[in-house]
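Listed below are the structures to be examined.
First subunit A sits with subunit B, and in the next complex the same chain sits with subunit C.
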Partner chain A sequence: MSERPPVPVITPGALARRRLHVMFALDCSGSMRGDRIASLNYAMRSALPELLSVAEDNPEVQVMVQVMRFDTVARWHIDEPTPIEEMEWIDLDAGGETAMGSALAQIGEALDSAEAGPRQLPPVIVLASDGYPTDDIDAGLEQFFSSAAATAATRIAIAIGSNTDLDTLERFMNSPEARLKPLRANNAPDLVKSIKWATTAPVKATSSPTNAPDVASQLALNAEQLEAPSSEVVW
Partner chain B sequence: MSTNAELSPGTQFVSSKATRTGVVRSVLGAGGQGTVYAVDLEGATFALKWYHEHYIDIDTGLRDRLANAVERGAPDGRFLWPLELVTIPGNPSFGYIMPVRAGHYVGMRDLIAPPPKRVELSLADRAKLCARIADSFLQLHARGFCYQDINFGNIFLDPATADILICDNDNVNVDGAPASIYGTRKFMAPEVVRREVLPSTQTDLFSMAVMFFYVIFGWHPLDGQQEANIKILDTDAENRLYGTQPVFIFDTVNNANAPVAGLHDALVYRWQSLNDELRDLFLQSFMQGLFNPGKRVLEYEWRSAFLKMSSAVYQCGQCGYENVAQSGGAAKCGYCGQDPAVPPLLKVDKNILTLDVSRPITSSMLSLMIEQPDPVVATVEAHPQHAHVLGLRNQSAETWRSEIPGYSATPIAPGKTLRLLHGSRIETAGGLLEVINPGDTPA
Partner chain C sequence: MSWRAGGATAIGASHIRNKRPNQDAFYASPTQQSDPRFMICVADGHGSDAYYRSDIGARLAVEAFIEAISWNLDSPEQINSLPQDIVQIWRRLVKQDIGRNPLPPGFERAPGRASDRDIFEPYGSTLVGVAASEQICIVVQIGDGDLLLGYEDGTINRPLAADTGLHGEQTYSLCLDDAPQRVKYKAIKRTETWPDFVLTSTDGVSKAFVDDAAFVDVVRHYRELVRSGEDLQATINALPDWLRQVSDNGSGDDATLCLASRRYKIQDQ
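Showing the complex of A and B:
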């Protein structure tokens, strides 16, 4: 028999996967110094592999990660949307003020440029902060929400410690009927749990069985199952 | 006790049926509903799914569903079916034991995963896989059960043999009973997406057809131009695409969701390479069947179509792309569009088999039934000196009778080989075979 030509490999799924942008806005202000920033770094390190594993459960979706840090100024820590399989965590350090407004404004811009790119699912935006914004948060939120993708996004806020601006975090989440509330992280284990949940639950919702009509309701259901904070050390 | 506490190794449990005592060994995996453990029960290893307390509070029908499943027994050996309910003295939760899934099985979604995770299967194996899925759901539905949540997450396959295992049988319910779940995104029938009905055997048929389309095409049947035009796929857009305005990408009447050049080319090649029978089943499923559940393709129709397809696959002689042979009409490769040099064929009743020296002919290929075991009845062999002369060796225990046009009938005893000539007819225990186009004509 004659030699056969190789089978042409044609892989539609891989060529045209929808993107799921997961963006973080992380507070690196002075009050985060010490064990809070250490826990945040630890939480991110341990959340990324879990995010990878839930991303693999939905092979039709390409998860892209971007990280914004804010202290006295807000700037990208990881500025190119990076495929989750290629993510390596680089530790954040803390010091300075809380430029949350500028961070959200820049995320709004990044969402706009992502919208010009390939097809995507509603993005996931995780905002973690332990204090009150020191810049113009109203302008920041306005610019953020002027992006259509920001409005469509799943937005989750994590309040670190007890001295946080919950009002601002709720405005960021802008959850209908306040079904989703900011997650409270009052100690290191809670922060790890919250970061993991905020990152993986919305991604998981795209590929797991459901009873809920939409992602937000499903998250609200799941959030109820996050355990109550354990007592130990409280920030 | 906290709600998600794991059972520690050594924990003893009691099985409901025979009140036997078993021991927890190690964690196999964890999910939203519970954790699955490897356990010992009287010398044998099983998997124990132990529910989170918060889950049994929500899913109030769970215990009755499981008890019913245990009582009725597994539809066939491919289901990792609940064998017995399990309790632990002093623990308010419960669980069930089932067979353990062997390590060489991989999740169905690996078929569409990006490399390097992707599992590559030949088109013939994909067809076999689908035939087995259809067969198992036929057995399940025939027993009055519905699965409710057919999706990638709960079917596993052995890449070497295309055998399947069906997991997560705890949602399986008596058809018509209140459902515990709507289903999984992109697999739900349109009427379930619209929340008009709860899952039933008829919505299972839709989810199964979606699964088949994914296995053959690596893509969703309702994702065409309409989907490609949506920049951000939010809940409203999803409800339109899969619920209120679904259109098949290959719809022959409505081209609103047709393939987009450059984006969906691979799907078009695959569509062109299939036989009419399979294309018709997909058209029926995703045209009439979208809005009319009574028109959905039934399990046995899929099973027979996929079994036929699995033995009619051949590679294009020009480019190597896999095509499905059918009788009548000049063949064109679905990929390169050239004459694919269709290999010699055996016609069995209305069914076509492609002849290939590397592929033995088994009993099921003639009967078009799933056979376990599936003995080899014939092999195709090239003449030792003349590679283009093909013969068919009788590997069965019965003597065949062969009739060559213009010659008298000859018996072909077991172990003997018959030279393949165009128009020859062979009477076998499995049916009457007709040889088509074996290449060299007799000298």
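Showing the complex of A and C:
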């Protein structure tokens, strides 16, 4: 009689939670001063616990967060991928120009150097901006999309206020048949709602096992529910 | 030359939390005694809300495979029609199911779309299968999942090329308009190197492992177990718990695995 187990023994370390990178690119230019940057900070503070809650609903997935800020230059606000359980929000301040191209280029570079492969979940990238890029956005987008992970990512853009470069945000989203549109945040409650949705809905959709031909269509349906403005006050 | 096969499935932890059924399905034959022919296949119904009948779609994918492959094993010269056969049979079975259980009002056709895809979409599923007669071994796949063959010299390989043109968690599916073009298949003749071990599994198994090498290592171990004269039935009996362990500690997805072994040392005959 053999003592050998009838199935392979799984060695420690052979199984692993899949990582889901959530990256924010946040506009901190001069036009964000005052109510807008305060609302953005409030929105991030409110969204992170909700993201944690979504992550806890999907314990097989390890959600990691990184934050890029851009004003006259683009630089990491939270540069190491940080487990959502350990995230503490540090307020952003505003001033300067809008180096969005450099921000996207750096994110593409970071994605290239991150762990990748078919078993890793596609990242979620949230871009929020209230203006027009002041650096070379074409070069930035080109470098961003040269990363396979950036192309595979779920990309959500939030247009803050009414003077936003929607064309650039749509190029960033590059949604098939333009099914996903930039979210519009024309006042503080809308911004909070949009950041919360952009943080949690794609993570929920991405971290649940879906293996479907088209993950974006479900998100697009979900996003339509956000369209009604929640306040008459407009930036 | 004879084969014996078996398989099992385990519902994923995330499906239990989200109150979804096990959306995988499988078939394995022969399970009770060895036979010159075998068939194994697994199907993985898509998980998001749009695919709300994908558990049925996966079951119908298995039925379509059995019907199409049986005919192709008897008429291997017609192998070129296999992709079309599988998709047509699956579509016929889906329409029959809708006949018995109509789609909810408003779900018959999505606005702005004019193809039958809208009635097939709720049933969307992948399919990975292998079957052999004494003359031919046929491997077939649409969408994600794993199909590996083992050989007498201990090597393990994937006979079908990986899909291209997909991003992230996307997969090709039986519900797509161009499904027949997305079906990959290969016929291995008896005159070629013949596998002695076959494994098919849904992506919930391989994605639980830290990398592909760790998964292939486990496949190699399965081959060694069932080829070394261990009791295949004991392996099959232990599979559900093993799959649950894999899903709970890795993917969280439904996990389904079938295997077949040639010239199994028949202890029960």
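Basically, the second predicted complex is superposed on the first by the 204 of 235 C-alpha atoms of A that agree within 3 Å, B and C clash if a C-alpha of one lies under 4 Å from a C-alpha of the other, contacts with A are read in each partner's own complex, and residues count from 1 in each chain.
As a working rule, a contact is a pair of C-beta atoms (placed from the backbone, for glycine too) under 8 Å apart; a residue touches a chain by one contact, two chains touch by 3 or more.
Everything numeric in this text was worked out from a predicted model, so none of it was measured.
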* Asked: What is the contact status of A:Glu60 with respect to subunit B (first) and subunit C (second): first, second, both, or neither?
  -> both
Original post:
Does the superposition put A:Arg18 against subunit B (first), subunit C (second), both, or neither?
Top reply: both
Touch check for A:Glu50: first (subunit B), second (subunit C), both, or neither? neither
Check whether A:Glu170 is in contact with subunit B, with subunit C, with both or with neither, and answer first, second, both or neither. neither
Request  = Answer with first, second, both or neither: which of subunit B and subunit C does A:Asp35 touch in the superposed model?
outcome  = neither
In subunit A, both subunit B and subunit C touch residues 4-8, 10, 13-18, 57-60, 119, 121-122, 152, 206, 208-211, 213-215
The subunit C residues in contact with subunit A across the complex are 12-15, 17-18, 44, 46-51, 124, 126, 143-144, 167-173, 175-176, 203-204, 206-212, 214, 217-218, 221-222, 225, 230-231, 234-235, 237-239, 242, 245-246, 248-254
As the complex stands, subunit A meets subunit B at residues 1, 4-18, 56-60, 62, 115, 119-122, 148-149, 152, 206-211, 213-215, 225, 227
The residues of subunit B that touch subunit A in their complex are 2-4, 32, 54, 109-110, 112-115, 117-118, 120, 122, 149, 151-153, 171, 181-185, 195, 217-220, 227-228, 230-235, 263-267, 269-270, 315-316, 318-322, 335, 357, 382, 387
Counting only contacts in the complex, subunit A reaches subunit C at residues 2, 4-8, 10, 13-18, 57-61, 117-119, 121-122, 151-154, 205-206, 208-215, 217-218
